[in-house]
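The following block contains the structure, expressed as structure tokens.
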Amino acid sequence: TAAAAEATVAVATNFLVPLRSLSEEFAARTGHSLRISSGSTGQLYAQITNGAPYDVFLSADAARPRRLEEAGATLPGTRRTYALGRIVLWSAEPDRVSAGGARALRTLGDGKIAIANPEVAPYGVASQEALERLGFWEPFQDRLVRGINVAQVFQFIGTGNAAMGFIAMSQLAGRPKGGEGSIWIVPPDLHDPIRQDMVLLERAEGNEAAFAFLDFLASPEVLARIESFGYSAPTN
Amino acid sequence: MPAAENPAAPRLEANLRLDRGDFRLEASLDARLSGVTAVFGPSGCGKTTLLRAIAGLEREARGRIAFDGTVWQDDRTFIPTRERRAGLVFQDARLFSHLTVRGNILYGHRRTPADERIFQPETVIRLMALEPLLGRRVSSLSGGERQRVSFARAVLATPRLLLMDEPLASLDQDRKEEILPFIERLAGELAIPTLYVSHEIDEVVRLASDLVLVSDGRVVASGPIEEVSNRFDLRSYAGRLDAGSIIRMRVAGHDEETGITRFAFAGGEVIGPRVDLPEGAAINLRVRSRDVAIALDRPGRTSILNVLPGRVVEIGPNDGPQAHVLLDVGTALWARIMRRSVNELELRPGRPVYALIKAVAVDRRSLGRPTAMDLSLEERDAAPPDGRR
Amino acid sequence: MPFDFEPLWLSIELAAITVAILLAVGTPIAWWLARTRSRLRVAVEAVVALPLVLPPTVLGFYLLLMLGPGGPLGGLLLSVTGSSLTFSFEGLVFASTIYSLPFVVQPVQGAFEAVGRGPLEAAFALRARAFDAFFTVVVPMARRGFITGGVLGFAHTLGEFGVVLMVGGNIPGETRLISIAVFEHVETLNYPAAHALSATLLGFCFLVLLTVYAVNRRFPVHAGR
Amino acid sequence: MPFDFEPLWLSIELAAITVAILLAVGTPIAWWLARTRSRLRVAVEAVVALPLVLPPTVLGFYLLLMLGPGGPLGGLLLSVTGSSLTFSFEGLVFASTIYSLPFVVQPVQGAFEAVGRGPLEAAFALRARAFDAFFTVVVPMARRGFITGGVLGFAHTLGEFGVVLMVGGNIPGETRLISIAVFEHVETLNYPAAHALSATLLGFCFLVLLTVYAVNRRFPVHAGR
Amino acid sequence: MPAAENPAAPRLEANLRLDRGDFRLEASLDARLSGVTAVFGPSGCGKTTLLRAIAGLEREARGRIAFDGTVWQDDRTFIPTRERRAGLVFQDARLFSHLTVRGNILYGHRRTPADERIFQPETVIRLMALEPLLGRRVSSLSGGERQRVSFARAVLATPRLLLMDEPLASLDQDRKEEILPFIERLAGELAIPTLYVSHEIDEVVRLASDLVLVSDGRVVASGPIEEVSNRFDLRSYAGRLDAGSIIRMRVAGHDEETGITRFAFAGGEVIGPRVDLPEGAAINLRVRSRDVAIALDRPGRTSILNVLPGRVVEIGPNDGPQAHVLLDVGTALWARIMRRSVNELELRPGRPVYALIKAVAVDRRSLGRPTAMDLSLEERDAAPPDGRR
């Protein structure tokens, strides 16, 4: 149909790997291409409000796309949830947390438990909620270490510095040998949904690639792919 | 010829004032500079500061400096150092540690337009015996080697006025003997007037035609060296500076066999060690007053080869146990003898006497023995436009 | 994924340009600081060191504010040149320059002070003009300071990523540097790639530093005795 | 939210301790580098500068590996002291020391080289022992280098953020530094708080630097003439 | 008394080898040091390097050094500089730029145990006229002021061996006159042996009892100064070093009115300018050979106050137009006259002659005029344990 276009996508780091893989499919299917910039959600937000040349914003939360929309920096009607995050409790030691729930957490002893910083990371908020609902938030205060994001939490645990911690399920899914150590998939009812929203930015006006990408992400095949990356499909 | 008597010599006027903590330089100088003018004074009296101010390195110095008709500095003007073309040999060498000896020596030369250059680097290098050092880093040089490099460097920039701050202080006598005639020629034949700070009385007396006496930041006297150094009112400043008498003579003849040269002057002839000058050449000889004895009778068979008849002109005021006696032997001649002899010999103005001078005490004062310098003068016209290597 | 050299070249280009600018900008500042008797000197010294104090991402944030189209500098630039500096290679250069300035100014200033006025005076007396004397005498004698400053500035620009990520926006081929690429690999748990890139970076820098120091060593500035 | 001073004090404490350790550790290294004729020197110089090249988070990651219970150093520490260094203030000190080492070593080394052997020899001839001579002659004469190194090290430790976040784990009262706090405010769009904290940090550092430079200025090391 | 003849004087043995690019130091020295031993040699011959090696500052120097029975260095030993207690006055001052003048001066003093201290800082400060400088930064000092500080600093550390590298090069004559007697006493009465590098012939001759001649990295001769400087085979090294004759005398009497002192020696009496010593005191007088004339007849009425009968002992080998003639006038006395006079006067060994010496040419050689130094010796015992302020 139309000539091939290019859209610049600003993506929260936790969705970078899935996006890279999806962008090939996108290109194959639509003939358009993506330029991908990644960063933390807060960083991307600050950049966007200061004129960054992005067409599409894939956030790790729901708040910032909304704020951009409120500020009128987006194309109306383009904000939607593209994935729901899942958290898992992970330990590098086999069987340590397989039992799940309070039993798993009780094995912590003097060790450290790592979560993403709830102040800045949606996954951290979910982790905090899960701990609170299981009644461990208060008792663990002195054993809590906070990573800037789940990637850092993964490193804390992977290097054995933290005994266990909450990471994104997508992190394990993205790894060839995702099964090492032990995991417990946190049931969704232990935390509010981690909505990862996207929005087209003002700059995407008339950019066919950007609109095509919006549709692409909502297609059922792609949603299935997103689930395979360790997310839940959005329900809207 | 002392500069003061030479109307063609460039005139240096300086009226400077500079405060440095407790020290105040307040120097007033108005001198015609030709040849070497010695700057003499005790340690810490402000000689270095004065030279620096003349060179334009003391921005805070207030006052006026004019050289050879150009105002270098006054209330409105401040000509920078490089345009003054004042060559400086610093007391502390100040070699460029990142350059080799060659790099140091050629630094100023390369910045001198070819038509202003007087010397070939090779000439100066040979004279200063710097060949073996050329490729060396300056950090490996000995004290005297540094001084030679510093000296060569300044000279090769062909300054209009050379300011030397104890340039030969750590050189041995032989090396000095090589370099002194070179300085004399720079100042004399090449007309690069030179202010020369030195504590070495011998050096001062040998080199300088004029003398600037500095004390406690002030210029207390300046003028021809014999005059200043013999002025009785300046004794306390000039201290042990014993210039003696400088006598202009002509070479009257050589006696190859005994290694003797005869010099003729108004009062007759004097004998001294051989000098390499053709018959008839003019030369300044120096006779120190301490080397002159006085006799009333012509002595008999002695090794004292110079016996000059004359008469007493004046006897200096009381100067401790010693007395300075001015004789007229066809020219003025100072003698320093014990006051007791003045009494014993009943010396008084007008009395006929003989002046006795050992031949070995006759110093040729300028026009040193031939050195690499003589070559340099021949090369001067033949010099290629660029001395770079 | 084939080894992607682009971020490496881009980083080297950025570091080289930044160091060049830092030397050009930092040298006069260092010279002024080393020579002046002004009372301002102390304040300027402190200001030069300040960029160091802010966390890089925060500094990046402020630069973004300042350089963005709504910022004081960015607005000006936009109206003059038609584009602001953010999200461009030029913007990265600007940000890195600000951020690494103290690394260059301070060692160079120290070296200038160690050289002192003496050599300069000697050069003036040897007919050198101010610039000539500065470049042929002062600069070579202060070489150690330039090397220290250049190395710190270069290495720091290569390694820095907070500021450049913020100001540059991680745009492939334009502002995606090797530090950001390494960071991305770590963030996405692609450790082998991170190790490989880091090793490349380290190896490259080690060689560069080795060369710089080896060359420097052959020309010791100061007398050893 | 009331203004939270804890991260500020913690940062200052960290920076002060780090600088103290850096001076203690960096000085002998700088001295050795300035004096040795060993061929190793060039390599050591390069190695010292290397931490700079890695992006902080990457360096932090490697430190995490090294210091973790499975790492070479962490394992050793664990078996000796019962705990590894990660997620503790001590760990931050260690990490900052590694990270800021070149900022101290290089200027100090430069200053040592500028001082040269002369003053040391003079001190020996005046009956000073090696340490005595070093501290009463070499160190004061190299003061400018120490100040440069100390300032760069201090400011950089205050501003550093990637490594300390990684190694420290952001534990309030223990490893939550002001740089992390500022970063959090920026990330959460709490700009007023970020501005306030940054301003405090800058103001404090400005005063510190002003004092350091003003004091230094009153004792110029080198002859001005 | 030259050290070589003094069996109680400490012995310095040095057998050193050091390579520095093209230059090789290969010095062999075995000398008893008492008083001042001058190290003399042309620029770049290795004097500084030799002193540095003796002080233990040249780690690469191979060989053996032993001083006063202690091995300072050999294949296995290397005593560090501070334990050698060798005080060094460097050619380039090397003041501590971060300390004031006072801080510099007291640096070594503070590190000297109270019971080893010989001087009060006040004494040395007064002697060197350093009071007005005490609070100053060393960067503001003049060249000569630096040297004085450097000298004071070294002396106040009470070294066992003093190594001085041209310490007085940029001092004026008056200042030198103050300091020379101090050095003489350091070396003489306080028995701090001193190796003294200088290019100043006058200084060397005045201060030194012994001489080490260095040439091209080798020690070519060492021994009592009169001997070395008059050895004909060393002429090419010793160059223009004209030591003349050093004669031990007693003060025979003063003539206050004429400012004259009479000195008695084996051959009679000599007259010279007044010295401040009691009758009967022993003193070394120096008479330079250039100041001695020879006559066959006793001269009549002249200002030459010293006429000593004697005979010719020896006439030196051909040395250009000049001849060195050794006389016996009750003691050995060298005369330098023109060779022509040797012929004219038909001088040959055994011939009776008169030696003529102007009184103003009689130099007292050591035991200078009273200075602050005299006070210092009195203070020595009364010194409080700590001289700090």
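Some notes on this structure:
The letters A, B, C, D and E name the chains in turn, as written, and every chain counts its residues from 1.
The criterion applied here is as follows: a contact is a pair of C-beta atoms (placed from the backbone, for glycine too) under 8 Å apart; a residue touches a chain by one contact, two chains touch by 3 or more.
Only a predicted model underlies this, so the values are computations on that prediction, with no experimental measurement involved.
Chains touching both chain C and chain E: B, D. Between chain A and chain E, the least number of touching-chain steps is 2. At the far end from chain D, in terms of centres built from Cα atoms, lies B. Over half of the residue numbers at the interface between copies chain C and chain D are found on both sides, making the touching surfaces mostly the same. Chain D has its Cα centroid 19 Å from the Cα centroid of chain C.
One inter-chain figure worth recording: chain D and chain E are separated by 55 Å, centre to centre, where each centre is the mean of the chain's CA atoms.
Chain B and chain D have Cα centroids lying 59 Å from one another. Residues of chain A in contact with two or more other chains: 43, 46, 155. Across the assembly, chain B contributes residues 92 that each touch 2 or more other chains. Shared contact sites, meaning residues of chain D that touch two or more other chains, fall at 57, 61, 118, 183, 186, 221-225. Interface note: chains touch in the pairs A-C, A-D, B-C, B-E, C-D, D-E.
Residues 55-57, 80-82, 85-88, 90, 92, 94-99, 107-108, 111-112, 138-139, 153-154, 157, 159 of chain B are the ones that touch chain C when the two sit in their complex.
Contact residues on chain C toward chain B in their complex (touch as defined above): 118-119, 121-129, 132, 136-137, 140-141, 143, 219-225.
Residues 57, 61, 64-65, 67-71, 74, 84, 86-87, 165-166, 169-172, 176, 184, 186-190 of chain C are the ones that touch chain A when the two sit in their complex. Contact residues on chain C toward chain D in their complex (touch as defined above): 41-43, 45-47, 49-50, 52-59, 61-62, 102-103, 106-107, 109-111, 113-114, 116-118, 144-145, 148, 151-152, 155-156, 158-162, 179-180, 182-183, 186, 194, 198, 201-202, 205-206, 209-210, 213-214, 217, 220-225. If you check the complex, the residues on chain A that touch chain C are 8, 10, 13, 16-17, 35-39, 43, 46-47, 49-54, 149, 151, 154-155, 171, 174-175.
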